Amino acid sequence: MDNILEVRSVSKSFAGVRACENASLSIKRGSVTSIIGPNGAGKTSLFNLISGAISPDSGSITFNGTEIAKKHPHQIARLGLIRTFQGAKVIRRLSVMENILLAAQDNPGDHLWRVLTPRARKRFENEAEERALDLLKQVGLESFVDSYAGILSGGQRKLLDLARAMMAKPTMLLLDEPFAGVNPALVEKLVNVLQTLKKQHDLTFLLVEHDLETVMNISDEVYVMAQGTVIANGLPNSIYENEVVIDAYLGSRRKSS
Amino acid sequence: MAEFVQLLFNGLVTGSILAMAAVGVSLVYGVLRLVNFAAGDFMTLGAFIAVFLSVSEGWPLIAAVVVAIFAIAALGLGLDWLLWKRLRNSKAGTLALFLVATGVALILRQSILMIFSSGSRKFAINETATFSFLGANIATSQLIVLLLSSSAIITLGLFMAKSTIGKDMRAFSDNASLAAVSGINVNKVVRYVWIINGILSALAGIFQGMVQGRFDSTMGWTLLLPIFAAVVLGTIGDAYGALLGGMTLGLVMELSTWHVLFGGIPSSYKPVVAFATLGIVLLVKPEGLLGVKARSI
Amino acid sequence: MTAFLQPGFWVFVVLMAGVYCIFALGLQVQYGLGGILNFGHVAMMALSSYTMAILVITYNWNLYLACFAGVVMAGLGGAFLGLTTLRLRGDYFSIVSIAFSEIVRYIIHNSDHLTGGSQGSLNIPSSKGYASYTEAFNKVLMNIEAKIKPIFGSFASRDMALLLIVWLTAIILLVIMTFIQKTSWARVLRATREDDDVPASLGKNVFLFRLSSVIVGSVIGGIAGIYWALEFSILDPADFQTIVTFFAWMVIILGGATKVKGVPLGALFFGFLYAGTRFFQFPPFTWFDSVQRAYLRVMIIGFVLIFLMLKRPQGIFGKREEMVLE
């Protein structure tokens, strides 16, 4: 299995504060990888560096062999690397369907001159709507199709976020704290949906998460970050036993079991 | 050389007037999130009131200036009570504030035109008295204006830095909701903002009128562009930035007419120069000279 | 009161409403979809009208080609404004957009040899000895006037002929805009109004979307500028002050800011309010001399603007619940 994403020694500082220091990751194609670590460890910064929201001061990031470190978020998305956001950002004033349709790639209607070719646009929109409806059914939101996304609950927004990300036909998904603030039943549902999607579409996942139990259950590999750098990585079990990690992160919890 | 000294001095004078007006605009924005399009008209009105009282009614200049200051401060407070307070309470958005501020500016300007008519005015000061400095002929009135405006700015600076209300204003400017819940008297801060703005605007208008010699009701509006350029240059909401922006643009505008620079840019293009300068700075530093890049992490 | 009885009055008001309608539509494309607060819109009118006038008067261009060039110029102006300023934060963009239009006006005002300067288009250098761009067009208007006389009777006039052309254009543009609202281009813009990160994370180049809406809006504004020029036959830099942009804002707010359908209604209301009051010969207007009356009319606009934002921001034709004014 080759590496779909390679992060090599990226560093980033903000006004003198080192958010990331020589952080490196290698993500294997088709795997589920999680990044864990205490708050302020640089996980979200690393995520933002990969997704293009910020660019690194040094180091390189390659996705499917393409260097993406200096690219803009929309360019990276078009390469097939799609991310979700903490708290599941939805466009409140658009309907659920419209939110998902945003993700349809290469929509002819995006180009203004296409106002002259309504049939081509309509054809694309119809196909997109069909696919969107399927995705909504998969996550269980089909009854909300025409409702404003603003009325959805937090958990429902996470499902919409996921469906929307899938609509963009990603090769790899970056999930930013997908299980944060979610009740256990929904966690189970989300995990099921993720695993189904992974099998159906041959996806790679990279998550940032604090929910250790779920992380350990679903991950093929775990990276631990602290103070801007990667302090350990490996199979979930090995992380649990790792002295450095225990010191930095797991703390006294480990000693009690 | 003489021309350079002359222009440098002009730049300092223009700069200090711009700085005063810009600090007023920046304070109002920083604390009230309001873009005061009527800023120029506040200046014009201050100048007109002062010149009316001192020239037409024969009042001593100092008295006229003091009354003008009171009037503009009262105007600011009155408008706040009538309009801005209401918009603050209803949590009006950017567009609403912009448009109401424009409406106010329109009404003020037309009122000035209607009351004072469109002729030009002149303060009863001797603007021909000059003295020689490094070969340049500098008007005494300019020197006096420069000294007075510098004093006003320094006084304000000390006030903002040392007084409790000054600290409260800066806290409010940084984070309004946090300041409000930490016990800062919001109404008091708002009052002080309009009072200080009144003092600065009236003085800026009066000084500009004196330096210009003859001025008419378009005086403030003509300066509005450079004032806003100064505010944005120094990062909107930052009073010290407005100071820096005002002085910088004043100097740039005046020195741009120096004949050594490709014959000098025609003086009617000064506002264009001000904005071109702003444009260049914003290309490099989109938040303004003193701004911190507000990029979400 | 006799003003109301004259057909010429109504024709003029409705004609001006048509011009404002097109102008405001250009603004509405930017604000209604993308929430872009462009306050320099009048610059597009200035650019299109002066470009057309200069090409016809100084360079003897065919009028219709010159009109097209004028509209293209407005689009280029929009492109320039967008490219240079759309990356700035919201309030800076608004302030700089005002500066842009003021600087355009400044340059027009101070370039006597090109634009005639403060004396207006009559002063534009012309090989013919006089500076007019509407000769050929006036003949066209008179032909139309002759044709419509049997239908419109005493209402038929040069202004009426132009009114028909203007409103025909307006209706075509309104229809096109209504179709555009349904495209995914519009959908992306509506999304960016709320959040930049989401559309970007889905592959949309948010900057290009915004830029395209500014350019389209500017082109439409340019069309309004051409009609303005043709109606008045002379241009004056004082006609293109920032206040005109605020007229457009008033029009779209009156009509319910995000509704394309509301624009013509808002324009008619505004047209009556502003153009109409010019002819009012009754108290309280007669208390003031004509110079002061001009000031009073602008003051009324100021008051209406404030009243609108305080008491009825959804406009006359919008619904409070659907309001997205932020």
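Note that the chains take the letters A, B and C in the order they are written out, and that residue 1 is the start of every chain.
The rule is short, and it goes like this: a contact is a pair of C-beta atoms (placed from the backbone, for glycine too) under 8 Å apart; a residue touches a chain by one contact, two chains touch by 3 or more.
The structure displayed is predicted, hence computed values, not measured ones.
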item	value
Chain whose average C-alpha position is farthest from chain A's own	B
Innermost chain by mean C-alpha position	C
Averaged-CA centre spacing for the pair chain C and chain B, given as whole angstrom	31
Centre-of-Cα separation between chain C and chain A, whole angstrom	45
Intercentroid distance (Cα basis), chain B paired with chain A, Å	49
Residues of chain B whose C-beta touches two or more other chains	296
Where chain C touches two or more other chains, by residue	197
Multi-chain contact residues (two or more partners), chain A	53
Chain A partner contacts - residues on chain C that touch it in the complex	176, 179-180, 183-185, 187-188, 190-191, 193-195, 197-206, 209, 212, 216, 324
Chain B - residues contacting chain C, complex	35, 83, 86-87, 92-96, 98-100, 102-107, 109-111, 113-114, 118, 225, 228-229, 232, 236, 266, 268-269, 271-272, 275, 278-279, 282-283, 286-288, 294, 296
In the complex with chain B, residue positions of chain C that touch it	31, 37, 39, 84, 87-92, 94-96, 98-99, 102-103, 106-107, 110, 197, 243, 246, 249-250, 253, 288, 291-292, 295-296, 298-299, 301-306, 308-310, 313, 325-326
Contact set on chain A toward chain C in their complex	51, 53, 72-74, 77-78, 82-85, 89-94, 98, 101-105, 107, 109-112, 114-115, 118, 121, 125, 164, 168
